[in-house]
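Shared chain: subunit A. Partners: subunit B in the first complex, subunit C in the second.
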Partner chain A sequence: MPNLQPYANPNYFLILGVALMPLVIGLLNGKRWHIYETLVSLLFLILIFDGDKVHQGIALIGYVLFEGALIWGYTVYRQKHNHTWLFDLAVILAIMPLVIVKFVPFLNPGSNSILGFLGISYLTFKSVGMIMETRDGSIKKFEPWLFLQFMLFFPTISSGPIDRYRRFKKDYLKVPDRDHYLDLLGKAVHNFMLGFVYKFMLGYLFGTVLLPKVAHLAMASRGGFLDISWGLVGYMYVYSMYLFFDFAGYSLFAVATSYVMGVETPINFNKPFASPNIKEFWNRWHMTLSFWFRDYIYMRLVFFLMKHKITKNKVLIANLGYLTLFLLMGFWHGLTWYYIVYGLFHAIWIILTDVWLRFKKKHKAHIISNRWTNYLAIFATFNTVCLSFLIFSGFLDRLWFH
Partner chain B sequence: MFKRLWQIFGPVLVAGLCLIALLLSPLQLGRPSEKTLSTAATSLSANVLKGEAIKDVAFNANYIPMIGSSELSRMDALHPSVMANKYNWQNKPFLLGAPGTQSLTHFLSLQATGNHLNGKKAVVVISPQWFVPQGVKPEMFDFFYSPLQTTYFLIHAKDSESTRYAAKRILELTSDTTNGIMRDALKNKALGIPLTKTQKVYINNVKRPTLQHQDQLFSQLFIRGREQELRKGLKVLPRRPDNMRLDQVATELGQKATSDNPFGIQNSFYEKRVKPNVDKLKGEQSHFNYESSPEFADFQLMLDYFAEHKVAVQFIIPPVNARWAAYTGLSQAMLNRFDKKIQYQLKTQGFNNIVDMTNDGGEQFFMQDTIHLGWRGWLKVDQRLQPFMKTKKAKAVHYHTTNDFLSRDWQNVSGDNIDEFD
Partner chain C sequence: MDVEKTVVEILADLTGNDDIKDDMDMELFESGTLDSMATVQMLLELQGQLDIEVPVSEFDRQAWSTPNKIIARVKELQ
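Take a look at the complex of A and B:
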């Protein structure tokens, strides 16, 4: 068996097209062949995790069994009791494999945990989400088969978008009516084509052609204040473009593949660079991740702080929420100074944005707001986002310390 | 429903079918123009080297391949490409090589020109630096590796010891794991087993036409000639190719360009590449050894190709900058032993046309920098190339190659002990 990384080369798309054909015919005729669907998923999982990646495959199996047992156990418990400490324990256990995977290279540079595999962070979001919804009572029983289908849904396994269990289950169990499914197929083809342009043309241009050049330029002109140079400025924009087109392209493929399978995985990007401020940016960039953090971290923390009357200051509560959310997001990316600075940067930026928005609301009469100020806002937001991506890229680490 | 399905998938299907038809068709797409050839001849572009279309046309026109590596890019006024343009040589050099190309890359590229070089001529600049103990670096070979040329090899190479050796080396040095069929076919070649029916059909009718058409369509794009350097060189050359005058020009240019360091290295190169580490480099190369290397066997593959296709070859062995070598501790005695060994390999098989400059490293303004020929060095090369390149057709050649030079023993034997080698 060849090893094929998701959406990486033409062969992958060819095999994908052939494998999905029977499913399309079935869905058009009002039938969903779950067994065939499962076999296709299995085939693609094997293609991702065979060959020299077989260790990751084993780690994946272990991981899913562990999370499955945990969620099952918690669901059974939750049907009778609802203690906070046990909920906390379940969440801690659920994120433990990810924490270990993130800590091993930090404590022991150059090595990777044997628990790691491609997509572990995304699966962790899914499982933690399930535990939280079980506590809320939204998920009432554990359905092992659906749990497996949800966790191992191959189009999104490696890098999202992050779906929610109840939403996925609804799609998985029903057959979309024909007209609606035809709409989905149309969108899928569009997404695939746009994804090709994003990932293989623009992503290639920025990532493979231009990025090494500006990196070289920036490294060659070190020495000034903070090693700032035109090369570094170039790197900032080129990397930002690469990050967007590569990831957005990938997400388009994942969504398109889901649509063909009759599952409406949520979209991940919605013209993020047209955002007039950072709050809006996070509603448009890596949306399923920011919504996950919003729903499961931010909202819950705000609710917790209010319920226990720790403070009544609403601004303070919101700011604590932002700080927690973005610091966690930084840590999630990895235990390096630049991911954490990236998180802090966004937290502070969003807090300051709130200050400004409140100020603007109060002094509405005196602040000009028209089309041009909106363009200015988009321009400023774009550039600041690029600056944050420069931090995120880790290039400064190479530039300053190596 | 079918109407809507057609609206959704029709355009994709039509586009896909058009693409497949285009790639698999027997059509020749886009013949390189005269202008493309002259640009490609000095571009040193990896795509040209990895392709076939441009080279095949060039060798049928009035271009003679000049095969080498980094030195080819040292394009001062005395560089053969400039000289050929200025003095209207009948045949012009077609430069093939870049930093990192060595014998195996050139073998793969040569064999894919197939019969286009039959009974013609070629020039090979042999860098002693290729012959390091580990041979060509896998990442370098991989960078210049051409699947297209490999398809030609798989279809045409007859089973022989050198074919088996070549297949083994390609397998060792490439990391391409995406194409199982090509790899399996290479494994068959390495073992001397004929390709299976499936392999043959796939490589001949699918893989090769697809790659060929990509080569025909794309390798002409994005190539940049060195018109600027050419023009600069053309301006300073005298009107008539008088050797005394040329030597004077070479000396003047060299003098001006190497003023700021004691090694006779071009100033810009010295400032950028040498000066920052000059202390670290003192005595640093005393252990360098170019006498034992798999490169000797890779090199033999080129010789086998030349013999099979009766190509007359002019070999050039450039020296190392002597003052630089003395500073870094690079041993001239070792270079002489390397020279002895490579000359043995050439001459015992009938390749007698050699410009050996191993001991010219001390000449003034002979080298442009540490290991690359410059002004007066190029002039010495020009003086031999000009008569050699007058005609494109080779006189009868008498080569008698032997597989002994593919052996591990030959790869390892030192220059002083070649007499013991049989």
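Take a look at the complex of A and C:
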């Protein structure tokens, strides 16, 4: 069989359309054929992980068995006891494969861990989320079949959006009523169309046509202060546009495919460049990732610090939460200086934004706030975000050190 | 204990906004009235004052998005 990367070429969409057709007919007639659904999933997993990607496929199987055994074990334990150290241990074990995958290229540049496969970071979010909800008593038993369906849900396996177990389970076990499903199909068609424009037209224009040109220009005009040049400025904006259209396009496809399967995978982007400040930006950019960090890291850490009265200083607690969240996000992207700086950049920016918002609230009467200041805020936020994406891109590493 | 009154007081306290009782269907997250930090404080206050357990996992923004919805959730959890 050919190897096809998700949503990457016309063949993938063609096979997708044909394979999903019977499911559409079933759902329109009030039936969800789980066996057929599973066969379709298997087919796509094989297409993604066969050929020269077969070692990744094996890593995926090993990973899912490991996480499954771990979560199963923890669930059984949690039904009787609830020790913090065992919960901590379960979380550490759950992220261990990902940690290894991130560390191998760091310790041994140029090589990749045999444990790695496309999508391991996203599956790790799902596993850790399940362990935390089990600890909270929200997930009470381990359901191997549903666990597999959730982890291996093929539309989102490679790069999200990151769904949540209990939300997925609800959709997976029910048949949407006809009107609602027709509505979902309409949205799916819209998402596919928009996704094509984003990923294959705009993403292609910025990423494949323009990016090499500005990169060349920036490399050719090195020598000034920090090697800053118009080429570099161009790179910053072109890369930011490429990142958005490519990833938002991909996310639209993943959401659309889920809708066709009657699963309402949460959306990932909501006009992020229209955000008037960075807090709002993170509510609109890669939403399922930032909400994951918000709900499973930030809120839990804040909850812990406040409940145990570590400090009474609320500003300090919030800032510690931001630093932890964004540094973890940086490390998650990879162990390179630019991902870590990217995380720090956002942490500091959001802390300063909070300072400003508190000041603004206190001096409401004296601060002008109208449509124009809002446009100005959007403009400033957009440009600062692009600067952070320039750091994220790793281009500065090439520019300065190679 | 009066759940309505307690919830409104907690919210007014956290947001510094005494008008909450006049708009019980106000979207607290969309309007930026509550952020994650204030949410955690609210959950802790609810635990302390109304003696209910609300783990973070059970906190689904959509189900807790307005004062009325919060009151309904608290009553369910009692």
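Odds and ends about this structure:
Here is the rule we use: the second predicted complex is superposed on the first by the 402 of 402 C-alpha atoms of A that agree within 3 Å, B and C clash if a C-alpha of one lies under 4 Å from a C-alpha of the other, contacts with A are read in each partner's own complex, and residues count from 1 in each chain.
The working rule: a residue touches a chain if its C-beta (ideal position, glycine included) is under 8 Å from a C-beta of that chain, and two chains touch if they have at least 3 such contacts.
In this text, all values refer to a predicted model and were calculated from it rather than measured experimentally.
Counting the residues of subunit A touched by each of subunit B and subunit C gives the higher count for C. When the shared chain is aligned, subunit C comes close enough to touch A:M299, but subunit B does not. Once the two complexes are overlaid on the shared chain, A:I317 sits against subunit C while remaining clear of subunit B.
When the two complexes are overlaid on their common chain A, residue A:R178 makes contact with subunit B while staying clear of subunit C.
Of the two partner chains placed by superposition, only subunit C is touched by A:M132; subunit B is not. Legend: residue contacts after superposition of the two complexes on their common chain; A:L252 is shown touching neither subunit B nor subunit C.
Contact with subunit B, but none with subunit C, is seen for A:N3 once the two complexes are overlaid on the shared chain.
In the superposition on chain A, contact of A:L47 is made with neither subunit B nor subunit C. Subunit B contributes residues 1, 4-5, 7-9, 12, 177-178, 180 to its touches with subunit A in the complex.
Only residues 16, 35-37, 39-41, 43-44, 55-59 of subunit C touch subunit A when the two sit together in their complex. Those residues of subunit A that touch subunit B in the complex are listed here as 2-3, 9, 11, 28, 178, 182, 185-186, 189, 193. On the subunit A side of its complex with subunit C, the touching residues are 132-133, 136-138, 279, 294-295, 298-300, 302-303, 306-307, 314, 317-318, 321, 361.
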